[in-house]
Structures are given as C-alpha cells and as structure tokens.
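Order of writing sets the chain letters: A, B, C, D and E. Residues in each chain are counted from 1.
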Amino acid sequence: MMKQLSQRLLGPATLVLLGLTFWLGLWVTPPDRVQGDLVRLLYVHPAIAWVALYVSFGTATIASALYLWRRTRSYVMDRIAYCAMEVSVVFIVLTLITGSIWGRPTWGVWWAWDARLTSTAILGVLALGYLALRRANEDPALRARRSAVFAILSAINVPIIHFSVQWWKTLHQGATVFTSSRTVLVHGSMAWTLLFSFVGFTLLFFWLLRARYRLEVKREASSSAQLDEALASRRSEGTF
Amino acid sequence: MIRTALLVAAKDLRIELRSRVLLWQVVPFGVMALLLSGLALGPAHAGSSSAGPGLFYLVTLFVALLMINRSQAIESTPGTRASVATLGLDPAGVFLGKSLALCVELWATGLVLLAGAILVLHTALHGALVALPSIGVTLAAMAAAGTLYGALTAGGDGAATLLPVLTLPAFAPLLIAGERSFSAALHGGALWEWWVILAVALVVYLAIGVLLYGVLEES
Amino acid sequence: MTGDIDVVRLRDAVVLSNGFPLLSGVDLAIPSGSLSVVTGANGAGKTSLLRLLAGLVPLTSGVATVAGIDLAEGDLRQLRRRVGWLGHEGSFYDDLSVRENLVFAARALDRPTGEIGSVVERVGLTHRIDTTTRQLSAGQRRRLGLAWLLLRRPELWLLDEPYASLDDDGRTFFDGLLGDVVAGGATVVVSAHDPLRSAALSPRTILLAGGRVVNDSQ
Amino acid sequence: MTGDIDVVRLRDAVVLSNGFPLLSGVDLAIPSGSLSVVTGANGAGKTSLLRLLAGLVPLTSGVATVAGIDLAEGDLRQLRRRVGWLGHEGSFYDDLSVRENLVFAARALDRPTGEIGSVVERVGLTHRIDTTTRQLSAGQRRRLGLAWLLLRRPELWLLDEPYASLDDDGRTFFDGLLGDVVAGGATVVVSAHDPLRSAALSPRTILLAGGRVVNDSQ
Amino acid sequence: MIRTALLVAAKDLRIELRSRVLLWQVVPFGVMALLLSGLALGPAHAGSSSAGPGLFYLVTLFVALLMINRSQAIESTPGTRASVATLGLDPAGVFLGKSLALCVELWATGLVLLAGAILVLHTALHGALVALPSIGVTLAAMAAAGTLYGALTAGGDGAATLLPVLTLPAFAPLLIAGERSFSAALHGGALWEWWVILAVALVVYLAIGVLLYGVLEES
C-alpha cells in the first residue's frame, strides 16, 4: 500500500520539486555579486553531478556488489545495475555539458586539463565501456558477473573525482555545498533552492530508473513470449 | 576493378555495421586516448593549442592501427582466406575497396576526434574547419597505406603485432605533413606545400596498391 | 565417483543462444559406466548437448545434473575437472609442441610427466612429439586430443564426432579405447554420424532432432 | 575448358614448409572429367596435395601444371578462379549471413544472384538462410561450402574430407552431386578416409604415404 | 595457487620466447612510437625534458595494450578455451601466472623504452635511474590490471578492440601517478606519496584478481 502510493507519487513529486527549483532559481533568488546570473547554474550543475556520481553510479555499484554476493544474487540486481548505469550515462553527459557551459564564461574555456574534469570524463567513458561490455557478452550469467566486476572496478574512480580538487588543487570549485564541517556556505533562498534541486534531481533519477527498469522487464517478458514460439519452431525442425 | 572495389567496400562496411565495433569500441577508445594524452603531457603542454594538431594525429594514428587490424582480421579466419582466394577477385579492386571502406570509417572517427580536440584541447573551431580538407586527404592516404601494409603482414603469426611496426614508419611522413598543415591552418602559414605533399602521398599509395596488391596477397 | 547412479540427468533442459533454442527441452538420463551415441541431422543439437554436459554453455531453463553437480547452481569448475572434452577443433596451445602441451596438462593435473611418452606412443604421434601443434595435420590434432584425454582419465568422456578426420588405424584404436574406458567404469557419450564400427561395442543410440530427443534405443 | 587432356600433371612435385617436406615427390596425372579419391594415413599429405593443386601453397621443386597453368610460373589467380576448394574449416565471412555470403560470391563472379535461393534449397539450408555464419553447426558450414561451390561451378573440384560432419542426408546429396559434376565434364579430387558410398561412382583411388603416391588404383 | 601460477607463467613466457613476438614486433613498435610522438609534438615540446615522462608512459601504455592483447590471444583459439577449461586450473593461480608473465615482459620492454627516452627525449640518466623502482611498480600494476581486464573481454567478439576501451580508463590513475613520480625523480619533489598510491593500486588489483578472476572466466 505504502509502496504503491510512494511509487505513484514519485513522478508528480519530481515534477513539483524540479518546477520549484527552476522557478526559485530563475526568478526568486538574487544574482551573485561576482558571477551575476551565471550563479543560477549552481542550482543545476552540482545537483546533476551529485546524481551522476553518487546516486546513479552508487546504485549501479551497490547492485553489482549485491549480484556478486552469493546470498543476494539475482537478476533483479543485475537489471538494476544495468538500468542505473544507463541513466548514469545521461547524468554524466549532463554534468559535462552544464559544467562546460559554466566554464566558458568563468574560465574562458569549454574545457581545461583539470583533474576533476578529466576524471569525470573518464567516468563517462567507463560507463560507456560498461554498456559495450554488456553488448559483447551474450550469456546472461556471464554478462551479469563480468559487468558487475567491471562496475565495481570503475567505482574506484568516484572517490578520485571527489578528492581530485583537494589533491591537485586545480581550477574547479572546491567543496562548497558539502564541506567537511558540514556548514552550507550559501544562505537564504539560495540554500532552499539548492536543497530542492538536489532532492529534485535525485527523485528524477529514481523516476527514470523505474521507467527504464520496467521497460527492461517488459522487453524480457516479450522475449520470453517469443521464446515459446522459438521453442515450438525449433522442435518442429527435422520432423517432417 | 571499380565493381570489385564497390563490392568489397560494401561488404566491409556491412560487417562493420553488423558488429558495431567502430561505434562501440574504436570511437570511445579514441576519445579516451585523447583525454589520456592530454593528461600524460600535463596541463602545461596539452592546454597550449600548439600541441593540439600533434595530439589529434597521434591519437588518430593509434585508432587507425586498430581499424587496419580489424580490416585485415575480417579476411583472415583460416577458411575465409582459402574460400575467397578461389573467387579470384581482381587484387586492384580488392585494394581499392578495402581502402575505401577504411577511409570512410577513418573519416567518421576523425570527425568525432576533431570535435573532441576542439572541445578538449581548445583547438580553434575556425582553424579546424580550414584544416578539414587536409585532414580528409591525410586520412585517405592513411587508409590506402594501411591497407597496403595490412596485406603485407596478413596471414603470418602475430599479424596484429607485426602490422604497427611496419606501418608506423610509413605513416611518419603523413603524420608530419598532416600535423604541419593542421598547424598552418590554425596559426597561419603556407598551406599549399603540405597539401601537395599529402595529395602526392595519397596518389602514390593508391598507385602502388593498384599495381602491387596482387603481389602481396598470399600466393 | 559420484554417489548417483545416473551420471547425467536432464529434465526439460533448454539452452538458448541469442534467443535461439539450441536445445529445446531435453529429457535424458545416462547411467554411469555406459556408452551412448548421440546422432541426428546437421543442426539437430548434438554439439550443443555435449557442450552443455561439459559445462561449456550455460543452461537456460530446466534441470540438469552432471556427475552429481547441478549445472544451474553448482561449481562448474569442479564439473569441468571431471569431464573430458574432444571438440570439432581439438586444439591446444598452437605454439607449443605436442610434448609441451601434454607436459602442461600433466603438471596442471598433478600427474607424473613420465606417462607422456607412453600416451603419445599409444595415439601414434611419437614421430611428431616435438612438432609444433600448429603444424599437425587434422587427424594428428585429433590424436593429440585423445592423448590429452588419456592423460586426464576423466569420469565422463564427451566426444564430438571423434571419427572425423581419423584414419582407419586411428578409428580402430579409438574403438578399442572406448571399450577399455567403459570397462574401466567411466561413462562415454559420443556424437557421430556413422555407427561405431566395433562389433564388441553395443552402444545406446540417442536420436536428436530440433534440439530434443526424438528416439532412444534404450 | 583446358586444351589439355590431363587437368592435373605433377612430376616429382615437392612442397616444403619450414624445411619439412609436406610432399616429397609426387608423380600424378589426372584426366579431365574424372573422379579421384586421395587416401592415406593421418599426416600422409592429402591436404597438402589438394592445397597445392588449388594454388594455396607454393611448389618448391618439380613440375606441376593444373588446368594448363604452370604452378611455378603461371598466373595463380587465374588458376584459383577455376578451382573450387572445400577445406577442413569451410568458413566464410563469419559476420555475414548465409545469404549475404553467397550474394558476395555471386557478385564477385558476375553470376545472377537469383540462383542463390535454389542453391541454398539444394544444400538444405533454406531455414538458416538468414543465420549468421558464425552460428552455423559444423555440418551446416560444410553445406554452405557446397553451396558456395555450386554457385561457382568450377572446372576442378578439390574437396578435403567432404564427408566429415555431414549427416546421412548430406552424404547422399553429396554423392549425387559428385555424379552430376563428373557427368557435366568437371574433374573432382576428393580426400577421404572412408570409401565413397554411392555404388554408382567408381572413383580412382590414390594412396599417399610419407608425402608421395604409393599406390594408384588406375 | 602458487604452483599453478608458476606453471602458467612458464607456459606464457615459453610461448613468447618461441614466437618472438615481443622481441621482433612489440619492442620496435615502442621505439617507433616514441620517435613518432616526438615528431608529432614538434621539437619544441618533445625536446623539453618535462614531456619525457609523459611520452614514456604514453608509449608504454600502448605497448602494454598490445601485450595484454597477445597474452589473451594465446588462450582464445576456439579449441584451446574448451580443452584448457576442462583442466580446471585454479583461477587465482591462472591470474597470478598470467600477470607474472606479463609483468616480466613489460619490464623488459620498459627498460628498452627507458633507454630510448634517455637517448631520444634527452631524459636525464640519473633521474631515470632514480625513477626505476617506481616504473617497476607501475608496470607491475599495469600487468595485474591488464590481466584482469583481459579476462573481462575474453571470448566475446571484437575482444581486441573492446580491451583498450575498458583498460585505458583503468590505467589513467596509474599513468598519472607514474608520470608524476617520474617527473619528481627528474626535477625533485615528493616521491613518497606517488609510491604509496602505486603500491596500493598494485595490491588492490592483485587482491581483486585473486578473488574475482574465477568469476570472469567464461562459464
């Protein structure tokens, strides 16, 4: 009952929160002293990056680990990992795009050899590699095992991205939202907008994940309907 | 000759479309190599746009090696070689066809890599557009040379590893001319001479291929 | 040795490859110490059945137990250690010689390498023992495959068209070998298009068509 | 058609590979329009002989003429166009389907692609015509090899162990095909370990040992 | 586990010695690539010894890819896989053995390339010697990671092209750490932290390999 209700509410809640974020971000919050209206990207880029790195890649990694662990091994986990990784590609690309858009006016270039930028791009290639690896393996069990191992190996990159700003002391913004002292360095309406954007994009992720998962289940179901047909035609071979 | 060339090119491209090796594997590899080259050289070097053309060609070169390799691998499963040999295809046509298919694939990959260079290495968009024709010719010459050298190393053991050794020296002049003309397009300078060199190289490789490909095929 | 009486037990076993059913529901029980021949038209599923039993292709649905190990859940590596496989392309490390390949196998199995000479003698490859595998003729490769199996002495022998490319001597030797193996208590499943020649062997014949068993002489 | 009466004429033909004599001096003449079976123990040199005749391995010494073309000096490509080859591994472009492979061959030979359907029908692959070659079973590959040859209709057919991995139907079809081919005036050389089955065919038998001819039924 | 590892390593090294792919093909390729990279970047960049470590590692990386590829190709002829699978070798041992063989080969090649870098890119001899241990660890980590990723892509179609895509990103941190510690050795700077990162990477890859290699093998 609760589960159904929360599922039913996922879509509307996402829409409401994201709508609120855009409304607050574009019209209500003030422009920044230094950045001017560019600061409004603050309500998009960090939240998307957060979802790309932690929420979606994290989901994929945890699901993969659960698949590899014998006690929780099931294709449900494999499917979740796969769908999360696909959605993750979308969010990584969005991170790169919003970051580039922000970088052009602030740094004067679309791209820089900054450690965070490069490692984020590498994460994108890893996610694509994951999808390519799935394509190359046809046996479902082997595919699930191999891609799970690969997802876990790839996850090593996530902390590297996070700490890259400290380790390499480069161009990219240091921790602003999640500082080690956990005090938010922005205030008032901006803080609320930021909060909404994080929650909103996180909900968006789960919404997309659910949609993708259902599609995958449907695809598998339709292929199991095809299976009966395939079995019948195979059995009739050679029995003329 | 032309008919054979088209037949062979269509076959190679169809196999590529079927297996999607290019889309899923070679292109991401190129993008990755671009990122890594940038990293390996450190921000100081990579950022300076004077390194852009060099890196672009270096990466294209490695991608081309993968693709030449694949282009030969298609022909060299044990049985294929014998069955196809007995079709008695015109070697000049086979050469042109395989070059053509390789060229199309290289162009497609080259465009992606160029976009990457513009985004990642700050190569000026305008300069890149000016350089486009010279890049096209360079890649075409690479395709022709690669097909030639691919046939040279085909069949033997470890073809995959022998190929680069032979091909790299042959690519060196192309690489230099391509890089210089790209740089010239970016920073101004004489475009003509490099153009001529590249076009001559293309014609020479095509001519050698048409004349000698038959000799290279396993007897 | 397994505790079971049946080395192979399949119920409604289905194997899919890219959505195509290689096996479309096989029911089969093979008792330990028996000799069975799997036949059927080209594409009937003989190779697929043997590969399933060797743990080389995954079971899609149904129940399958081989040598007491459940193919869906059990330890396939454990299983593979107990079966012997001779495929259409019985190839090994192409760059190693006949002797080196067998030494590798013997070491991997903790067998004394002293046996190798006599095994090679039995399959008639003594004069080619130092030839690189790549250079062997088709029949010689098949013989090397037999040597590899002789060294391993598996519980369950799975042989895919062993007659193909063996010469007359080779086939006679092979039939003799089968007799010895079965007499020694191991189980043999062979796929073949020709009936076995040796009159001394009276195998059970399993006929496949369309990926399942359509006739069974037993 | 050649002007010669003998399609194959070998005198003291030697083929070396890495210093090892695959053929150690073969004398042989095969008249046009005949059917010959090459037999011999494993490693005797059957495959090597057929590969030599197909222009796939170079002649080291001796004299060899096939279809009027001198193997040492002549245009091998010309020769290859006139022979048909079916090897141990009758494989084609693995990523193309049966149909696509045959279309490629037909185009390459300037044949109408309309024939393909009927050729595939004859070799019994109609239900697999759109299957990727990689996925075919061993016998189906062999059948595709036959289809390839049927499309080419060569002057000289060189078939290396064609029986291997064909099922009963396949062999019957194959024997019928051989009869037709020979009746049509082409020459066939087959390597085999089994005698051909069809009583209607009475081939000449050439026995090889140690890389040369030791017995010839003719 | 150790016995299996030694058995497998000995087998791989023997096959390499027999086929001489390393000596005749991979090493010349590396040297050639070093020269070409120098050329592609133009004298200004290549001559400056600050690019030396980056180029050295970039080339080593591509050489390593070829060698990983070869290391997997040995196992993957159609029949080999099935026959060897039925030996039931301990996967952890196979992983260690293949890593060991690959590591030995990479070390040998690395030495040659380092000599090339000293000669061609004017890398300081003294600095190169100081960097030697860190290079050794980096290459060992590459060998372990490469074996792992090699198994990941084994068997599928187009494994040869999928491998680099998956491996390159994994190598990126190794490449950076290796390059930085090499640079530190040349120009002074903290060596310790990179050492630690590299050693940790090596241990992590070895641990993952020992634990999970069996999972990756084709079932």
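Note that contacts are C-beta pairs under 8 Å (C-beta built on N, C-alpha and C of every residue); 3 or more make two chains touch, one makes a residue touch a chain.
Just so it is clear, the model here is predicted, and its values are computed rather than measured.
Taken together, chain A and chain D share the touching chains B, C. Annotation: the chain C:chain D pair of sequence copies touches via predominantly the same residues, more than half of the used numbers being shared. A centroid comparison over C-alpha atoms places A as the chain most distant from chain D.
Note: the chain lying farthest from chain B is C, by mean C-alpha position. Centroids of chain A and chain C (each the mean of its C-alpha atoms) stand 48 Å apart.
A straight line joining the Cα centres of chain B and chain E is 25 Å long.
Centroids built from CA atoms put chain E at 32 Å from chain A. Centroids built from CA atoms put chain D at 30 Å from chain C.
Residues of chain B in contact with two or more other chains: 19, 24-25, 28, 32, 35, 39, 42, 157. Shown for chain A are the residues that touch two or more other chains, namely 118, 122, 125, 128-129, 132, 138-139, 141-142, 237. Among the residues of chain C, those touching two or more other chains are numbered 17-18, 20, 40-41, 43, 58, 89, 95. Interchain contacts (touch definition given at top) occur between A-B, A-C, A-E, B-D, B-E, C-D, C-E. By the touch criterion given at the top, residues 20, 24-25, 28, 31-32, 35, 38-39, 42-43, 46-47, 119-122 of chain B touch chain A in their complex.
Of all the residues in chain D, the ones that touch chain B in their complex are 51, 54-56, 58, 76-78, 80-81, 83-85, 87-96, 100, 104-105, 107-109, 145, 148, 152, 154.
Of all residues in chain A, those touching chain E in their complex are 68, 118-119, 122-123, 125-126, 128-129, 132-133, 136-139, 141-142, 145-146, 149-150, 153-154, 156-157, 160.
Contact residues of chain E toward chain A in the complex are 148, 152-153, 155-159, 162, 165-166, 168-170, 172-173, 204, 208, 212, 215-216, 218-219. Chain E contributes residues 4, 7, 11, 14-15, 18-19, 74, 77-80, 82-89, 91, 214, 219 to its touches with chain C in the complex.
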